[in-house]
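Order of writing sets the labels: A, B, C and D. Residues in every chain begin at 1.
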Amino acid sequence: MSPIELRSDNAAGVAPEILQAIEAANSGSALAYGGDAWSVRLQAVAAEVFEQADLTVFPVLTGTAANAIALSAMCPPWGAVLCHETAHILRSEGGATSMFGGGAVMRGLPGNNFLLEAASLEAAFASTRWGDPHHSQPAVVSLTNPTDFGTVYPLARLAELSRCAHEQGLLVHMDGARLANALVSLGCSPAALTWQAGVDVVTLGATKNGVMTADAIVCFNAEVAKTLTYRLKRAGQVASKMRFQAVQLQAYLNQGRWLTWASQANNAMQALVRGLQAQGATFVVTPQANMAFVRVTDDMADRLQAAGLLFYRTAPGVIRLVTSFQTTPVDIEETLVRWQQCL
Amino acid sequence: MSPIELRSDNAAGVAPEILQAIEAANSGSALAYGGDAWSVRLQAVAAEVFEQADLTVFPVLTGTAANAIALSAMCPPWGAVLCHETAHILRSEGGATSMFGGGAVMRGLPGNNFLLEAASLEAAFASTRWGDPHHSQPAVVSLTNPTDFGTVYPLARLAELSRCAHEQGLLVHMDGARLANALVSLGCSPAALTWQAGVDVVTLGATKNGVMTADAIVCFNAEVAKTLTYRLKRAGQVASKMRFQAVQLQAYLNQGRWLTWASQANNAMQALVRGLQAQGATFVVTPQANMAFVRVTDDMADRLQAAGLLFYRTAPGVIRLVTSFQTTPVDIEETLVRWQQCL
Amino acid sequence: MSPIELRSDNAAGVAPEILQAIEAANSGSALAYGGDAWSVRLQAVAAEVFEQADLTVFPVLTGTAANAIALSAMCPPWGAVLCHETAHILRSEGGATSMFGGGAVMRGLPGNNFLLEAASLEAAFASTRWGDPHHSQPAVVSLTNPTDFGTVYPLARLAELSRCAHEQGLLVHMDGARLANALVSLGCSPAALTWQAGVDVVTLGATKNGVMTADAIVCFNAEVAKTLTYRLKRAGQVASKMRFQAVQLQAYLNQGRWLTWASQANNAMQALVRGLQAQGATFVVTPQANMAFVRVTDDMADRLQAAGLLFYRTAPGVIRLVTSFQTTPVDIEETLVRWQQCL
Amino acid sequence: MSPIELRSDNAAGVAPEILQAIEAANSGSALAYGGDAWSVRLQAVAAEVFEQADLTVFPVLTGTAANAIALSAMCPPWGAVLCHETAHILRSEGGATSMFGGGAVMRGLPGNNFLLEAASLEAAFASTRWGDPHHSQPAVVSLTNPTDFGTVYPLARLAELSRCAHEQGLLVHMDGARLANALVSLGCSPAALTWQAGVDVVTLGATKNGVMTADAIVCFNAEVAKTLTYRLKRAGQVASKMRFQAVQLQAYLNQGRWLTWASQANNAMQALVRGLQAQGATFVVTPQANMAFVRVTDDMADRLQAAGLLFYRTAPGVIRLVTSFQTTPVDIEETLVRWQQCL
């Protein structure tokens, strides 16, 4: 019985279109460190996709680097990054934001469905001793979208949080490790989800959705962009053969591929969720992207594992299922059949 | 109507005995940076007071430096310092621990009466992905004693927390900005409150209790002590005329002065609390050292202020009162009289 | 007249064998962050190639990251990294070593032919105030091999420098951004050039020699290796789809490909040097790997440029020529012809 | 035979006027962390002494903190601080500037008489790859005045260096650990030596010249000043009872005491130098402040030590003599007598 991969979208492979683009770029010599034609062209591609001529896009090599280095350029060392208490930057990046941020701190706030709320922000602002150097000064609101729990910020919520942040002088960062999945879930444009919603800098994840080794910082704030050039180099994030990162990102954004692939992942998840619900399964929170947290007994989890389903146990009585662009309808059908047999 | 100082023990002056000691040390020349006889003698004084020959005492210039630099020597940059969610290091030191710690993070945990609990520690340990570099690794438990809310850890609780920490491989730090107030409150020896209770490093506050410009790190762990010499110098915490810090600390520890002064502060607080209770006042938590948080209406707070009482409003409906070694019985009587008149 | 690429080996493309290996690894799902079979296998490949079972190899994404993060694990924040005053880490990594090192400093030392000398090290040691925290404590000797000026450390020199460093308690780091070029130049084994010569940690460059996006830290010191796992993750250097880094490095090391490719680059340089010498050219230093610094007048440089040679002007009257694994005998012949015509 | 202190001005005691000022400030309670009347008044005193209403003065606790934290506010983490290769910040502060600076680097430049030269600056600028993130970007010129070798920058030199720095977009920092000694040596006003000469931020040393525990950052640049408030707190440099630092600095600056005391030190040195020259002694460089480096044989140094002179041997064949505000004419006479006897 062949295993079915539901552990992580990171476990998926690389889309053939990405490999083809890499091969196509492997012709002749090209200046290193972004001095090549592909890197230059990526700016135009990103500007078009995000409908914003004044952005700067910086290819980087991992999502942790994208988040932490972007935040270090947005937050002074004595500042605080406000985020949900379950944010990826807070729980799963080994303190990268505090290291690159020169000791900037992260402050986790509560919020239903793993989403920040304006009320949480306002409470945090109210409890801040503004201008008092004893107290880390809130400087950035960071939103993970979709969250690590598969929920998605509606546009209205984003706009409200951004307004709330900007009124208080904070910048807004979006951790878009799975940005395409949010776009597909909301059915909105990249512009609507980012700068039009008040986002100043977005981390554009690509590796979880078909790309091999490339993520990016998309920066809508010129002041922040100026320092990123220096910060990224000394952080070891400027690939010498950067054309191969640039071309991966271009191929990803071109022809709507990122959305196509995210749709495959999201659709697979929706089919899975419908099927599981039909079998009586319950979820920690309603899945809105490509991730579900299902309540199962330990015995059931053991049986599912024995049945060849690959997943993580994330808390007592809870397993996480993740679909990717490579998850097929057959994978979902087969998963549902095996699940049924395990009940 | 003369004001009565209840804002902070930091607002108090310097004890005459400290000034006399400074003057006495101001005779002749002496090697800088701790190469003087007073600094050498301080080791012996501390060893005797803490009944521990193997300690190392490092004079420093502020409590923030003492805490943050001690923690940087106890916690790797990828580690986490576990502390109560209201800890001074987390809320009132501007992120110093993360800066000196190279990006180490602080993780605030809940606990009744502003005290950490073994259950909180165990829950934190259980939710830690040990050995997983995505996850900041708990490396130190930091306890503020007394807490910033005037509560004190009983010895049994300390021993329990230390055992819990050590079993998991963590070190134990005590923020003793008001250590003498805890000693007096508990009626125990410095040894009992620190290394005998499993504390590896204690920040010995002195400035809040009669000293002018000197605090100290008292280190019971030889490995940690080795790196502090380097860390303190480059942090700008090694006074060139260190004899004047050393002699302040000696005068403070000698003849039980630190305990005498802390007793004055604690006794004044006890008298104040008894008097306020007699007038029907209620407290956020039972005061155990030299600090009380009293519930008052905004109007009452205004009247108290108008009556010349100096205090801080720390939350809606709550004021903080702090006594120091300079608070006199007359101050307390007068405070109670004015309070009565404001009711 | 088609341009001839002599600017940098970074400007070269990717070897077909590397792309084939990537494609071969793109089959099925695989755990992220190094939990895949390719990453596991890489350990065995490296152990065999370096004839050392006790090494640990960490794939990283850039040479700057490899150097700076390795050094941060070898040098305490209050330490100094001793290197040649022209070292890449000192002049071309934007201060990465000081950032990742928590404020560790680099100390540039003189040395003929861009190579460190034991006498320079000994002079540095003699001028160090050991144990004095006012003075950054030398903790690591870092050697670039080949140097950024195309010279190579002979084995005897390496052994002497390592002995000198170790006797004083320092560790030895080798920046092997072009390690294969040194190996080919010296005709020695990887073991002989590294741990047998006293090197504790070597940065294994691959990107300049046919690989797309992968370098590595090869660590022969178990204490250092332990902390690298944490340091690399929080530095954003742990690729989520790490199998694609691991497989690039395997393909690079397997079947002696790294040496074959470096031989192509070195041989091309030797042919170029012989040809230029025959035309009367002089060099800043005798080229020993794949790089030459040629003395030319500004007019000559202009003519060479007009003739389609691509190179950098690195100092007044000096141009740098670099060959790569893609430089062909025809490229060299053609270069020599054009050079002759420009005289 | 009583010893004569010539090791360091740090070894001197505290001037009685300073102690009296401390005692005078020890009356009643006062808000902590600079919220007291003395700290407020210090601004006015400094503004008057430096003839500049727009300065901000920050009391700190050590000279290392003053330098390193000021520089961290002047230099981005990817920047370089240019200084003389013998600068105190480079050789004697344990890398503090790189730590507080988030990995900023120091670049030592040559210059006769231990003084930076415009030609050195220009050579450094010429060798900088401006805007290239591989290369640490020069952002500050730091001048030690007097130098650690007892030489003093003439006003014309300062103006030239500042112009050179500013034209290139760099800020100018002056390490004035012994600023009063430079003022006395040059016979100029504090304004002339600092902001009128283009200095943006000066470290005002006081501890080496009669004060107990207080130095200061005097900041003429409003942008820099804004961040220092935060940087100093989290660095543990904001004394809780700051009134006692403020009052020391006031007493120091008031009534020209700092100049009187520096005159005593400088005059003592001049008398010593004249006397030694009369005995045939030679100096490494002509002493211009309160410090001399005398060439003596090892035997002679042994005899001088046996004769009760306290000094440091700073290099083979060289001893350092330092006078302070406490060095008396009798000390100098007696030193010369003993020296004569040792010849």
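We take it that a residue touches a chain if its C-beta (ideal position, glycine included) is under 8 Å from a C-beta of that chain, and two chains touch if they have at least 3 such contacts.
Being a predicted model, the structure only gives us computed values, none of them experimental.
K.L.:
Higher C-beta contact count, A-B or B-D?
P.N.:
Between B-D and A-B, contacts are more numerous in B-D.
K.L.:
Return the chain whose centre of C-alpha atoms lies at maximal distance from the corresponding centre of subunit D.
P.N.:
Comparing chain centres, A lies farthest from subunit D.
K.L.:
Taking the mean of the CA coordinates per chain, how far is subunit A from subunit D in Å?
P.N.:
The computed centroid separation for subunit A versus subunit D comes out at 50 Å.
K.L.:
Using mean C-alpha positions as chain centres, tell me how far subunit A is from subunit B in Å, no decimals.
P.N.:
Here subunit A and subunit B have centroids separated by 41 Å.
K.L.:
Please report how many Å separate the Cα centroid of subunit B from that of subunit D, as a whole number.
P.N.:
Spacing between the chain centres: roughly 34 Å.
K.L.:
Can you list the subunit C residues in contact with two or more other chains?
P.N.:
Within subunit C, residues 33, 77-78, 93-96, 99, 102-103, 133-134, 230, 233-234, 238 contact more than one other chain.
K.L.:
Note which residues of subunit A are touching subunit D in the complex, please.
P.N.:
By the definition above, subunit A touches subunit D via 33, 76-78, 102-103, 133-134, 137, 227, 229-234, 238.
K.L.:
What part of subunit C is in contact with subunit D in the complex they form?
P.N.:
Of all residues in subunit C, those touching subunit D are 77-78, 80, 91-96, 98-106, 133-136.
K.L.:
Going by the contact rule at the top, pick out the subunit C residues touching subunit A in the complex.
P.N.:
Those in contact with subunit A are residues 5, 7-8, 10-14, 19, 22-23, 26-33, 60-66, 68-69, 93-96, 99, 207-208, 212-213, 230, 233-241, 244-245, 310, 326.
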